[in-house]
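Okay, got some structures for you below.
Next come two complexes, and both contain chain A; in the first it sits with chain B, in the second with chain C.
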Partner chain A sequence: MSGALSLPARRTPPGVFVALVLTLAIGWIVVTVDGGRLFSVPTTVSLLHVAAGLGLVAVGQTLVVIGGSLDLSVAYVVSLSTLVAAETMAGDDGALLPAIGLTLAVSAAIGLVNGLLVTTARINPFIATVGVGLLLKGYLDNGYDGPAGKTAPALVQSLGYQRVGPVPLSFLLLLAVAAAAWFVLARTRFGHHLFAVGGDPEVARLSGVRGSRVLVTAHVLCALCAGLAGVYLASRLGAGAPRVGTEGLYDLESIAAVVLGGTALAGGRGGVVGTVGGVLLLASIDAIFNQLEVDVFFKQVIRGVIIIAAVAVYARRAMRKAS
Partner chain B sequence: MSGLLPSPLLALRGIGKSFLGVRVLDGVDLQVRPGEVHAVVGENGAGKSTLMKVVAGVHQPDEGTVEFAGAPRTFRSPREARQAGIGIVYQELTLLPERTVAENVCLGREPLRRGLVDRRAMLSHTAELLASIGEGSIPPDTRVGRLGVAQQQVVEIVKALALDARLLIMDEPTAALADHEVDQLYALVRRLQEQGIGVLYVSHRLKEVFDLSTRITVLKDGRAVATLDTADTSADQLVRHMVGRELSSYYPGRAKPQELGPVRLTVRGAGNRKLRGIDLRLRAGEVLGVGGLQGSGRSALARALFGAAPFSTGEVTVDRAPVRLRSPRAAIRAGIAYVSEDRKGEGIVAEQSVLDNALLAVRAVRAVGPGRAGRGARTARVRELLAAVELRAAGEDQEVRFLSGGNQQKVVLARWLALAPRILLFDEPTRGIDVGAKSAIHDLVRRLARDGAAVLMVSSELPELLGMSDRIIVMRDGRIAGELPAGASEEDVVALAVGTAREAAG
Partner chain C sequence: MRIARPPQLLKVRSGGLTPIIVILAVLLVLLTARQPDFLSPPSLMSFLGRSAPVVLLAAGQYFVIVSGELDLSVGSLVTAQVVIAARLIDGDPSAGWPVVVLLLAFGIAVGLVNGLVTTLLRVPSFITTLGMFLILVGAVYLWSDGAPKGSLSEEFRRLGRSAFEDVPALGRIPYALVVLLAVAAAALVLTRSDFGRTLVAVGGNPRTAELSGVRVWRAKTMAFVLSGLAATLAAVLIGGYSGVSFQAGAGLEFGAITAAVLGGVALGGGRGSVVGAMLGALTLETLFTLMNFYGVSGALEPTVQGAIILLAVAAASFRVPSR
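Right after this comes the complex of A and B.
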């Protein structure tokens, strides 16, 4: 039964990868004409680093979006995680593992709060996660003016800068996390139920699925991914950075990557493979604009246009399917 | 009955259920034997769906006992009923279109192997189930959204059976099916029967009931008035049990000739994607009934007149002036109001208050006047209207979703009356409304006509259509198949609707 194993792959929309290839092709031509090199090792490495950070957050975001929810607190979780990691390590390799454990525990706890607010307290996910995000922002703004703590050198050397050929270790970490998420979605009851809850909560209920538990789990996993992204950023920056999450726009960009990847914002449809494609697309656009030395503000405008256009394409496709 | 018959699979005794003080079920007794197809018939609002939901654990009865497989049971949730072996196929499909057949069938009880979902077992289990009911041609790894409605219905049934159901409840299972698909469903039900599964079959299509069932229980106003052996029963006898009351006692009087006013609305040669060659005239003070089968264009006609799915050809006049009904807003401005058949989807804003719902149309169309005086007067007017429709609610701040169907409908009515419409379009005005509230709605519709409105009322309930209308047009295949005067019989309407009668010229 080869069909059994091809199930999720068959469902992945190739659209985002087509867009990725086209973007890279056009970008390569434009950059070359401009006298630069898009596929030089430094550019590729930096592209993949950007993708690693955003990707870790976006993979987690994919899970909650499939479940029909959403997490806007991830940017603050990222910032907080860099601080928890770097301050606990305090430059000591011996504290590396406990620090990572603590960071992930703190993240998971925030995810748990998000999940309980959304399910038990029945607060709209948008409001609930923005609220939790603002709480974290208050703590960060109050406690920190700038970088704090010191990342363990071992982590900086490994996760931060080590690479295999042009591929950074961090990007391999992203691929591993994405593969794990794919596996969870395709091969666990939790994954199946998550699709059901996102697709139609009432159908899920009538089929005996415990929707709240599923959604809380998704929120915890999402926050864990954001925490992991924080650990990675701490390894890059060598210290904890209280604004890195919000300055990197990890909340909105992660949702953009999820949507570009073909996951329905309404829930019930999508997957992490598309999300990784969406992340690579956003990172490529970033790299191309950097090569062309485009103005930062203009860059944002173009990214906005691309995201809106992509969503419009999906919406049209969905409409055609419905009629 | 003779001792040769197997003991009942399901036995309901004295089931009673009320919602908000309205008695929906009253002392219902009913038994289903293994391998029996037991049909439950009755008019809309007779309590069929509520009874099914009691059996399926969705509602809990206020009184009476449910006995299943020889033991008294209390099902507190659909999950409990399912685990006991009661499967239900709901009127609306409860499938996830984005997931595969197997994923849908196994949802909530995915087979595991070493803690992981065993996709292979899931597919083979689903394939087996499909094959066991002779539907092996449906591939279990296809997305449900890609299947036709009939095949989705099969998947729904397989899903209900997946937990070794011994009793299957089917609530209007043919509502969405084409004719040849209905035959497939028949074959499927018969195979289930052979396997000793008891089927509780709810339908208002008498043909199906006679084709399939072994016994029939007739529900009327929440009571089981008769249980008949299908083989010994004629259609006439059954209908007598179902209706068994005088029409005139139930419906307000029709318009007298002197109450009819000038022509309010004319349509000439109008059509769109779903309608062709529509000609009609509607006079002030009259209730024009629109009959026809589902999909015949009766709702499309109302929606076209309201500009929701506009006519693309033809001419429409309102009070002799030509109008173009290109959007609901244009129709509203022409004095047309529309009460949708889909109350939840198109009628009410469930989370808003009674007052906000009632004010919706006025606020949308009339510019907000300067100062608070205009607004205050408008609110006062709507309050009057809510009183006039005899709304029963805890207060005007109550969210509409907490009201009964009948009271929700009254709120929708009040909203339109606030605009003092000259033409009122009703699409299934009493669908899903209990019997008591129904006649209140009927009285209201008639009162509006007496006050000079022209009323067009689409109805699939023949007694309502015949009882309310001053004139009836019957739709078929997007056209007006014919017109009938007041006092026409159910047979006349049905004959036109299915096309056995010679069509009226034109």
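Right after this comes the complex of A and C.
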């Protein structure tokens, strides 16, 4: 609970990995008793694919949450990105790089708007990003009824379906992005400033940190990650999908993953390693339920309970450590 | 050290209310320019009746927000209540009141769980109520196998769709408006009671409140219960007005939170008034009506809504000299 003073404690691996191992162990036993196989190649591959999509969004979300903000527009950024990517490519491998570039540029611009609304216009991040989300929703609802565009075959074959053993390329991409984010947070000045701004904006300001610039950068990076998730989803789906982000609940689930990973919603504390753990935990639960062929709605109920319970367990540990 | 301002001072200054009144006035002028008889009693009465559910939710949300928390579960609670009511009543006219009592009990129970998990287990309310959202939506679909069952009786629906007819000068007063006025009066009394002041103190600085002997957990839990009750009343009105659907409460949580912020209630707690929150909700409803009259296409609606929310909140937060 002591915020900025506990910097070294941040390095210890978050308890989410304990939860992950326990979940997988229990899940494995239950699935085996049920007559299925949890660690077969297809299940593992699909688990990692789920983790890749959510993970890309969640890593970006981690940055803004550490900065004391949050981004609820990511689900729409994801949807929009699949469309920008797939429509620009139009099934042509030659347009692959320009399309990805354009997608990331559009995402970054949205992130910039989010960041400026939060800092310069001083709108509460919750409202600002919901507002931007609504803007994008209107554009998507107005322009698209269903899938549009066609992803370049080269991207579908590589990012969409290529894998190294049981590990999809997309999951390696997630690991690379997470590693980059880790480096930025732990080793760069921007990272330290971000923790400072999230911990106490006033103290950060008095010690000469330009909070606005730091927070705007975090928002741009977050939107870039969501854009990357959109490119990945376009590679999986083969086309742009105007509702893929909202139907996947990427906004709320990414925040859940961040918090499961031990990052404080209030800002100033946390890290991407935990977030990847949180994402893997959510994806594992998903995989286990799929193996057990649990009703989708029941799955959602259990998911809600698990998210609350897991965060409650952390809160207890944090309290004990503090006392 | 920041000390909560004495409430009397807040009331006199009421700097928080000016922007929302200005915004509402501007919207009303625009509306009457297009539809001159909008402010005539019959149309105004029916407008207020239609707006009642959202205003109720905003009032409920006020208590939660001012105590420093957030309730994302209200929309799903409204849906759950409407679906539960339909299944339990199943067209039986005599089942109306018992079911309403049951719904109120359920609303209180959901609020209690939200409150206790947030305060005693120390789970951030964003996560608690997000989990509750997943649980309620999942449970309701699960319970009704994917499609709403049963139907609401005419008796039950009367509260949401009927009115006192032939009232002198005003014409028709919807029951919903009467419910709204009663709740508004109760909410006003509550905010001026010891409980209301305690709540503001808790939101402003929980530590100080705790040290001065306030049982923070009890105050916050009460706030969540009030929000659950408000959602239940809103559900009864919405069920009556528009019938049963899984979409009955979709997005209402964001609407209620936006309304409260628009009305000058600070996310994070400690500042704002319940009147502001309710005026904020009326402003949002006026905005929707305005967009209807100006013929904004249904799909573009979110874009316009998002833009105006951002503008309005930016304007509102610009005016209030922040602490």
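Everything that follows uses one rule, which is that the second predicted complex is superposed on the first by the 304 of 323 C-alpha atoms of A that agree within 3 Å, B and C clash if a C-alpha of one lies under 4 Å from a C-alpha of the other, contacts with A are read in each partner's own complex, and residues count from 1 in each chain.
Operating definition for what follows: a contact is a pair of C-beta atoms (placed from the backbone, for glycine too) under 8 Å apart; a residue touches a chain by one contact, two chains touch by 3 or more.
Predicted, not measured: the structure shown is a model, and the values here were computed from it.
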item	value
Broader residue contact with chain A after superposition on the shared chain, chain B or chain C	C
Contacts of A:Gly208 with chain B and chain C, given as first, second, both or neither	first
Partner chain in contact with A:Arg37 - chain B first, chain C second, else both or neither	neither
Partner chain in contact with A:Phe298 - chain B first, chain C second, else both or neither	second
Contacts of A:Lys150 with chain B and chain C, given as first, second, both or neither	neither
Contacts of A:Arg243 with chain B and chain C, given as first, second, both or neither	neither
Contact residues of chain A, present in both the chain B and the chain C interface	none
Chain A-facing residues of chain B, complex	78-79, 82, 94-100, 103, 107-110, 112, 115-117, 119-120, 123, 141, 143, 145, 159
Complex contacts: residues of chain A adjacent to chain B	1, 3-5, 7, 11, 186-189, 191-193, 195-196, 199-200, 202-204, 206-209, 268-269, 321
Touching residues (chain side chain A, partner chain C) in the complex	117, 121-124, 126-128, 130-135, 137-139, 141-142, 252, 255-256, 259, 265-266, 295, 297-305, 307-308, 311-312, 315-316, 318-319
Touching residues on chain C, where the partner in the complex is chain A	70, 117, 121-124, 126-128, 130-135, 137-139, 141-142, 146, 254, 257-258, 261, 266-268, 297, 299-307, 309-310, 313-314, 317-318, 322
